[in-house]
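The first chain written gets the first letter, and so on, giving A, B, C and D; residue counts start at 1 in each chain.
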């Protein structure tokens, strides 16, 4: 079971990212479960979402407290949301940031920063970094294939928005692979 | 077809497959996505010959469904929490009129204080309202129960409420097998209403009934619910043979043969419970089993008794309780097991969306300290509040 | 012979009610009080709708006198498809019935009906919702100006100073001195629905004309019918029609029609009378005229009538 | 369909609930007597023929008229129509113009040559009627219809009595009168004119019954001092001469006085104008409001230029000088006295129109027939004189002397004689309660002004044609309230909150006491007062 926790703010597509992640896994024949940290839907408020990926049926519905990876869509929530809490030893932390983030942690993590918002603005025209980060996540973790991410984007979006997001995710994927 | 879908979207698709002709909706979290989904299916032409009404309140929503069922068409609505209470009067009315409405209850607690998160307080508040109440364990079952619900409702002329845990299921993406339209059509034939409103059926529906006959009306309604036990089982069988999925029915056991302790629960918490029980069984000596109650109304007493009578201990995990008394489901289980010398423990969990973790459950199952307890209750807060001059010290626990 | 009668042997300008094959939507054996205005209003309205649609109507009834006296097991007085759900939800149930017919492509016209309590008070939310959605329902309110079924308590349709069980004229209180605050036809008009009308059993020609017109209009329609209640108002049972006529003649119950939110027609009064002659025949206003009455207190009601006369252009104000 | 128990019910099942048991009073349909009918001297069922006229069924309306009066066209001209005075519509927007409708239909009957149907049977009995005036002719008509053989002896040249000799032509054209008399003759009545009966005893035994209808044809006498050179004439003689010798136009001079205040005085004055008088003055002792003449007649006379000088009596007539005594009259006490003042007027002639009296010589030798102190023959309630089989009516008895009354007497006498001939006593029908205005609910009648006509024509002896057109007849008939009798307005049926009235195919209505709760709305909303509430019998 691979568990991912996503952090961000309302309006950044945190929940959609979790959903697309689950769809990507599903498309690879895996079981996946995505769910938000339920609350009223307010723009700008800190938001969490979760995604479990497994070869077997997923029954548990508890929130993810010990993720294998965290995806941070907005670096400003890291502290207030305690975004790294419970993250496993050698877990992944994918952070939307064009500059490198210095975090002092007691455990070793695989941290990757990517300027997803810039890529999104550049290619999609909107500051929604979720698809970009999923492309990067695919490269970073290899838990899901980039093809699955592209398919997932295409189920959630359509037309030019889908096209642009796919492009952005691919760029992020390439960038991430190249940077490793 | 197997799809990765949000629970609400899956339900919207499933309900559309049942071809309701009137769907009415009033927004309340967390039920909203379901009717939004149906609305979209109506608008894009997937669900044909269906009137989708945006009404001004839950009272209107259920009332529209009452009207359309009375006029002889398959009708659907959904609500949660306060919405259910707001339609309460009509909830009783719908069952009294024997109108086979199907309603999704996206379970949510009841305020005040206002709280939009999941528990079963809303469902428990209508447990005597004459509706059949079925609880879904996961989104696949939620989908399947809705398809079964129309069939059950229409065959016994009684409304059915399908309880789906708010957020936990309604907002969760997971894989769901959505049946094909032709399969559903075969399973759920065209609605043949027992009452309708036209020149040929000039009936008066909803007569006043005096003390001379009212008790008989109620008795018959009770009898109908008891008869529904068989209907629910049969529909499950039929569904199984048609769709090859073991969804619905009255109860479902998990490792209960030879279990010392059986955990009884309803709804989505069962998944986490099963994981907890698997962990316990893998490590300890005591053997744990799980009993899912799918049909809460009618209450399958005999089936429950049969499932539990070998256990030494029964732990009921319930997401609602009766203030001033205690667990609700546990009381009913206790009555079923009366005289069998089985300990019944009531664990109130997840109230107002409080986190229920596998860890918490395991600890509690292994060593339930009290016969009645609240899972994850913050003692410090309680103690602090007890120091407050505003709180009466009388009857301090 | 006069065309003001309900029928005549020449068949000129006759009412549905005068026809020997009228449908009797509400038939005999119902348990309404002697001289019940509501029973009459309901039969008149539904018969007109029935004739106009060749029997293709379905009726939703709010809880209240009409429902209780017409349909108690084992006796049903209705000869039309009829459903009763609750006190406050008739409009919504009717929306559901209309939706059902629409989905089945059945051309059956839907009528919801209730008293003033079930309409102007507890049923207001559902009513407004039905209006706002412009659902294809004709809502008829039989207005007898109080909760009669429960023993004559004040409703938002109760006339100023009227005595009810909850507005007794005790001490300094003058009956319903809360004022008459809710003009539901105007509220209906504010929704911009295609058709709104007021009517009265004091003018059945007019009433039938309005129902016949409304029943064909697609969308939400509202007709409020003044239906005197011998019990609640305190008058001899034979005076039901007379009082309805007096209410029209003094201007207190203006008869008008509105389309899409605009008054398009009102019935002018030939010889306007004083409200006094209307009020005096009713016990609910006896305290305005008795020994201990405040002098000319009833003139407040006259002013209400005058306002109607001016607003709906019923004629010249005669009594100031 | 397997319906839920108790909450879903079949339609109309409340018919099992007989709410009639709630009732303490109950409505019933009644027939009340309309005031027009009550006051009609001939007892015409006016409402009934108006009802037929409303439907344009003029023949049936005429048949209904002739049930009580064989002279519709005549009566439509000369009747003083008390029916219209008492018509309830007077209190609403003016009486129904009954008289003109009767005339109009009567004229249609003449123009279409409608006949009386012959008697259905023959009794073989012979009845003699003495006098072919309105009363005698009326009696003859009814007796003939009853199947008796009728012979009339008439002293004048022509039948018609006062209708011919007391009513000027411009009010009653003779072809109208002749046509209506001819119908009676056509029915088989044998009228022998110029046949004066001097003594009843000479003829009475030859018949099974006799009806004395000789009228009052003697001009009343006065004690006014009249000089020999004065020119005076009795109105009744003036009319007779005009009728029997139309070529001899009497010369009344330029200035004419008429003495009297009745209809005859008015007729005389208007006749004088037509004979060339330039000034006609009526001298009457009381006030104009007390004149016995009919209001409309007075108005017409005034319009034609007749002057009416009230509160005066004639003291003496000396040539052209006529001395009048001024009078004082107290209406309350009915005291009439001379003021002492006098007035002298100049006139070429004076016409007396101060009443007529009965010529009683015919019965002087008949034992048992009594003459009252007022000079009229006394009769019992069956109109029989003191002699068995001898009846009397019309102006010879005490009562109102109008053509209409005469026709009424004739009808009543005929019924009595018929009963007598069958060995029975005539019993009049019991009269229903009167439908007065209070019993009506006039809200349901639309205001519709009475259609008036102006009867005034040119100053000659031709009648002005004022009859209604067919449409006008229908329109005016429709103004009838139908007082006291259901006219099928269906108000009761429509307004009953309990549907407790059954309307049959033919439009007739019946109370269904199974469901009637006795609220009384039907009675209250009945426009014509033909429903009454009565205490319910306790069964």
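Please note the rule applied: contacts are C-beta pairs under 8 Å (C-beta built on N, C-alpha and C of every residue); 3 or more make two chains touch, one makes a residue touch a chain.
Small disclaimer: the values here were computed from a predicted structure and weren't measured.
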| query | Which pair wins on C-beta contacts, C-D or B-D? | reply | C-D
| message | Please tell me the distance, in whole Å, between the geometric centres of chain A and chain D computed from their C-alpha atoms. | response | 113
| said: With centres defined as the mean C-alpha position, give me the chain C-chain D separation in Å. | reply: 51
| said: As a quick test, compute the distance in whole Å between the mean CA positions of chain B and chain D. | reply: 92
| task | Report, in whole Å, the distance between the mean C-alpha point of chain A and the mean C-alpha point of chain C. | result | 63
| message | If a residue has to touch 2 or more other chains to count, which residues of chain B qualify? | response | 97, 201-207, 209, 213
| note | chain C residues touching 2+ other chains are 70-71, 73, 76, 78-80
| note | Multi-partner residues in chain A (2 or more other chains touched) are none
| field | Interchain pairs in contact, sorted by label | value | A-B, B-C, B-D, C-D
| In the complex, chain B residues that touch chain A | 3-4, 6, 29-30, 116-118, 138, 166-168, 171-175, 268-272, 274-275, 353, 355-358
| query | Along chain C, where are the residues that touch chain B in the complex? | reply | 55-56, 58, 60-61, 67-68, 70-73, 76, 78-86, 88-89, 91-104, 106, 108, 125-126, 128-129, 132-133, 135
| said: Quick check: in the complex, which residue numbers of chain B touch chain C? | reply: 21-22, 24, 49-51, 53-57, 59-61, 63-73, 75, 89-90, 93, 97, 196-199, 201-210, 213
| query | Hey, which residues of chain C end up touching chain D in the complex? | reply | 1-10, 14-15, 17-18, 20, 24, 26-32, 34-37, 39-40, 43-44, 70-71, 73-80, 204, 230, 236-242, 245
| Touch list for chain D against partner chain B, complex | 1-11
